[in-house]
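Both complexes shown next keep chain A, but they swap its partner, so chain B is in the first and chain C is in the second.
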Partner chain A sequence: MTLQTTYTLIAMVAVFVLCSWKLKSPEISMVITAIVGALVAGFGFPVRLLVEGTLTYLDLALLFITASLFMNFYSEIGATNALIRGMVKTFYDKKWLMLFLLAFVMLVPGAFTGAGSVSILVVGGLVATVLEFMGFPPERRAAFVFITAILSAAAPPINLWAMLMAAGANMPYVGFNKILFIPVILTTIFAVFFFGRGTKARPKSEVLANLPPAAKGMNWLRLSLPFVLLLLLIFMAQYQPFVIPVIGLPLTFMLCALLVILLDPEHRSLKRWWTVATNTIETVFPLVATLTSVGVLVNIMALTGVRGLIAINFVTLPIVWIYVTALLFCPLAQGSLSYGSAVILGVPIIFRFNSVGVNVTVVAAALSLMFPLGDCLPPSRIVGRLSIEKVGYKGSYMQFLKAVLVPWLFLAALALCMLIFTKTFVPLTK
Partner chain B sequence: MVILQEIIHYIYLIMSGFFGLLLVRALFKRTTRTNLVYDIVYAYAVIPFLLRALRIR
Partner chain C sequence: MSASNIRKLAFLVLFLVLAGFASAEFKGLRYFKEKVVVSEAFTEKRMLSDWLPNIKGTWGDTPVYFYDSGKPGATVLIYGGAHPYEPAGTIAVYVIMENLQLSNGRFILIPRADMSASTEGILGNAYPQYLHIPTSWGQQQYRIGDRETALIDQWPDPFTYVHYPSKQNLAYQDLRNFNRTFPGRADGTLTERMSFAFMELIRNEKVDLVIDFHEASLMYPVVDTYVTHQRAEDIAMMAAMYCQLEMPMKCEVSPKGLRGLTHREIGDYSDALCVLIETAEPFIDRVVGRVTEQLMIDGKDEFLERASEKGLLYTSYDINDAPTIDHRVARLLTASLELIKMYDQFYPDKAVEFWYPRFTDVKTNGLGSYLHDPSAADPSRVFEN
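Moving on, here comes the complex of A and B:
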């Protein structure tokens, strides 16, 4: 039985590598891998299970779409431009404060959507423009955008890796806020000081002349109200659950998006909002497709026993081996499987730690900080590629990786410390 | 509260349908990732949204 499953696993790995190489799409590669896996294991073409798999992460896909819709609507009314313009006007002369604010602006969209790519798409270009005027060389600009983007994806309230692992391990997505927030903030502080060292800024007037003009009628009330509503609904759901009905994050984001439409100072037509919505769907599609494909793959892996095989191998692995290899396998798995890595690799590791009585919330948080490290690794390189494109970096990819390396290692070391010294971090889960 | 919860449930069904239709539109008319591979990816990514909207799953 184990031999048959091992053959299936080998066939699936081979097909995945081949498809990723030939088709250049991790999403379809996962689905083809799932189909081949079912065929090799002797289950034929299990249509029902394949279709059921597409529904596994539908709620997360909805969350992605609605959060991106909210951020893009917010950006459409010129709020993001106004925010960055306001920051430059007020804080440009204070270099470090300005850099921290830019990092904060990068962290927000990803923290609320769970996707670093959303941060890059919404504010990455503007942040890179300001960084250019602040004297950052191109590879350092791309590295700054990349690091803050992966940190934004790992930041609470929405950390998709942690959510997927929690769902896979039948544990609630509770207690992650502080334990994710502190490492993300520490790495952000380190990254800002690391990237900001030795740069010389150009005059403020030049920067303001090159930034898009602020939208007419935009004020602090219009800027802040959507986020006030968002935070209010999130906190009400958390601390006053019996006062309001269960709205859920997707509907919360939709309500905020509707508020953005109402607050639009230029009263854009319905046609314009439709265009923004269709563009958003195209932008966010790789993430939606990844979630759908991961669901299919995971379902077939469970059917064929491959998931169990991987889980059993991890459960019987000495914990020390996980410490030694986690920083190698987690980023590499992220590079090839994207968010699927959390389910396929993360869940068995959680089971392993659970079997020895370790706090699994800390373990899931540590792993969810390791997975984003692979966002710059082949074959997918989604966030790495996006950072380079948005910044307009023309140098070699290796040069970009070198620029990223030190903050990358800092985050890796923090995550590994969390994994090894779990007991120390348990108070942060309360 | 029960009625509100029921309304929210229906809003989610409508949302799934709306995003499903947006994906169907993108399947036939889009500006990025226009190759055949992504035609297939779009085609199967639509499935869960439509199934949820039609209350089949």
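Moving on, here comes the complex of A and C:
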């Protein structure tokens, strides 16, 4: 079995590399890789499992679509521009305060939903625009959005990786607040100073002159109400869960989008909203395609035993080698399995450390800071791609990765310290 | 029409054709009926919705089988299928249903605690849909299913699950996990309502002992173990000792800080004693190789053997003597049997006199020998789930 699974893995890697090179489409390449994997492993053409795989990340795809609809509707009525104008007027002269405010704005949506992509989709565009005025080159804008987005996903109270690991290991999701909050805040501070160094902002008067004028009839009530509703629904779901039914994030965003339409000062026609909606779908479609094909690939990796082969090779390493390779395996697993990485690798690692008497809350927290590092890695690159698309960055992906590298390493080092020196961090779990 | 649109249309048609084939398989699992031939001790079939009418007509409703001797004795509730991807639990309940002989007391048996979860596969795990048990009269077929209530019956998930009534935060998908939603809510989500209906059944039928059948990953510390509410600790500890005559068994007390689990909440919110039994299932380990029905049946996996050699497992594992489905069902049978016998010793005024096959019987004769041919049985004794 080991030999056959190894052959299958080699065949899948070869086909993926070849298809990516020839077809220039990672999505189609992933589906072809999955089909070849199933054939090489002797499973024929498993129609049900291929189709089932397309549904694996359906919820995430719906989240991307609806959050994008909400923000594009919001921009359509001129609210985003008005908001940016307001922020520039008030905070533009205080560079560092402005940057910390932008980082905070990025951290909040992801911290409460567990998804960094929500931060990017909701406020990423707005933040990127202000950063542009502040003299950030394009790759640094994308890197700022990416780093703050993954930090938002790792931040408490909702860290999905830690939650999934806790669920898999039958641990309560308690004791994570401080131990996640401190590294996230430290990395945020580092990232703000790192990205903000040496930038030269355009003069405030020039920025204001170039910003589109506020839409007629736009006021603070229209600007704030959609976000008030968004935060209200999120906080109600978290803190009053037995009062309202479970509506999920996609419907939450749809309700906010509907409110935007009702608040439109210019009362646009339904035809116009339809155009905005179809344009949004066109924009989000490549990302949805990625999620769909990653789901297919993940399903076939499980079927053929390739997933198990990778997992067993990692978890049977001596503990010292786990320390050495964790920053390789965990991000790469995230790049291919998304949140599934926490279940496939995270849970066995927790049991592995538990068997030698290490505090597993610290281990889970450390791992939950490592997994998001892989959100910019292939084959999925979900958060990385979202960042560059939202920022409108047109340069090479490698340049973007270079821009991300130093804060990425800072967070990686913190997480690794937590994994190695667990005892030091135990007081933060109390 | 442009070339681009023609290409898109071709992709769409291709996907619809594939989806059509896949749908037939999805539908097949959803409506597949498992057959069971009940023993002569059977007295009545009811539905879970009898204890909470608002689940009637939903996929959360499930058959509840009563075996009542009519003579004084304890009421024992045994159920499997809280997590259908751990099928030994369901099959063990079927074996009890088909073979139970009862002189005193009452048994309530539920093979499919979360019916909905048994009708859908697990996304991202590529599980087979069915497993087949060989018998002398042919093969008996069972559903495998998901860990959680089917998305088609309870959707969407929240971004985090807040447990009722403790308000403890749990992973989002656990709102569909039958073994995380106890004691349930009468007006909550489908899974919370199912859990609440179970609590109502337990309270109204004055159940004395609840036994919840599960299977566990070998890398999970609580494997081959009783997990017991503290009120049943003495019984479970003693039963574990008696199990050693046939098989190793551990015992752990339910943690008070982890909410929603049956062994915690049933014990806290009713007078019943509650014990969950875990047996080792290689199939659900995260590190196993090819995910096939064969692995579900024979439990042989080279990767797991490597994990065993490295000391990463919480129970012994030998690929040449792996925990087959027969072995796992057999473990659940003896583990439950010893619990009830120990209950009899602790509460002799409520003693239950009964028989069903135990570990040694199943290991000697094979699981199939305790499953009866529905086509040859009295139709009034054949039920479908």
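One rule holds for everything that comes next: the second predicted complex is superposed on the first by the 236 of 430 C-alpha atoms of A that agree within 3 Å, B and C clash if a C-alpha of one lies under 4 Å from a C-alpha of the other, contacts with A are read in each partner's own complex, and residues count from 1 in each chain.
In this section, a residue touches a chain if its C-beta (ideal position, glycine included) is under 8 Å from a C-beta of that chain, and two chains touch if they have at least 3 such contacts.
Just so it is clear, the model here is predicted, and its values are computed rather than measured.
Participant: Counting only touches as set out at the top, which of chain B and chain C does A:A166 meet: first, second, both, neither?
Facilitator: A:A166 contacts chain C only, not chain B.
Participant: When the two structures are overlaid on chain A, which partner does A:I247 contact: first (chain B), second (chain C), both, or neither?
Facilitator: Both: A:I247 reaches chain B and chain C.
Participant: A:L208 in the overlay: touching chain B, chain C, both, or neither? Say first, second, both or neither.
Facilitator: In the superposed model, A:L208 contacts neither chain B nor chain C.
Participant: With the two complexes superposed on chain A, say which partner A:I158 touches: chain B (first), chain C (second), both, or neither.
Facilitator: Second partner only, chain C.
Participant: Could you say whether A:E27 touches chain B, chain C, both of them, or neither, answering first, second, both or neither?
Facilitator: first
Participant: Return first, second, both or neither, reflecting whether A:I300 touches chain B, chain C, both chains, or no partner chain.
Facilitator: Touch partner of A:I300: chain C, not chain B.
Participant: Chain B or chain C: which reaches more residues on chain A?
Facilitator: With both complexes superposed on chain A, more residues of chain A are touched by C.
Participant: Just checking: does A:E52 make contact with chain B only, chain C only, both, or neither of them? Give me first, second, both or neither.
Facilitator: The answer is both, since A:E52 touches chain B and chain C.
Participant: Taking the superposition on A as described, I'd like to know which of chain B and chain C A:L258 touches: first, second, both or neither.
Facilitator: Touch partners of A:L258: none, neither chain B nor chain C.
Participant: Please work out whether A:M87 is in contact with chain B alone, chain C alone, both, or neither, and reply first, second, both or neither.
Facilitator: neither
Participant: Would you please give the residues of chain A that touch chain B in one complex and also touch chain C in the other complex?
Facilitator: 51-52, 55, 246-248, 250-251, 295.
Participant: Across the complex, what residues on chain A touch chain B?
Facilitator: 23-25, 27-28, 31, 51-52, 54-55, 58, 61-62, 65-66, 245-248, 250-251, 254, 277-278, 281-282, 285-286, 288-289, 292-293, 295-296
Participant: Touching chain A in the complex: which residues of chain B?
Facilitator: My answer: residues 1, 4-5, 8, 11-12, 15-16, 19, 22-23, 25-26, 30-33, 37-38, 40-42, 44-45, 47-49, 51-52, 57.
Participant: Of all residues in chain A, which touch chain C in the complex?
Facilitator: Going by the criterion above, the answer is residues 1-2, 5, 41, 46-53, 55-56, 59, 112-115, 157-158, 160, 163-164, 166-167, 169-174, 234, 237-238, 241-242, 246-251, 295, 298-300, 302-305, 308-309, 311-312, 315-316, 340, 343-345, 347-348, 351-352, 354-355.
Participant: Within the complex, which stretch of chain C touches chain A?
Facilitator: 18-19, 21-22, 25-26, 121, 123-126, 129, 155-160, 162, 164, 167-175, 185, 188-189, 219-222, 255, 257-259, 286-291, 301-303, 306-307, 310-312, 314
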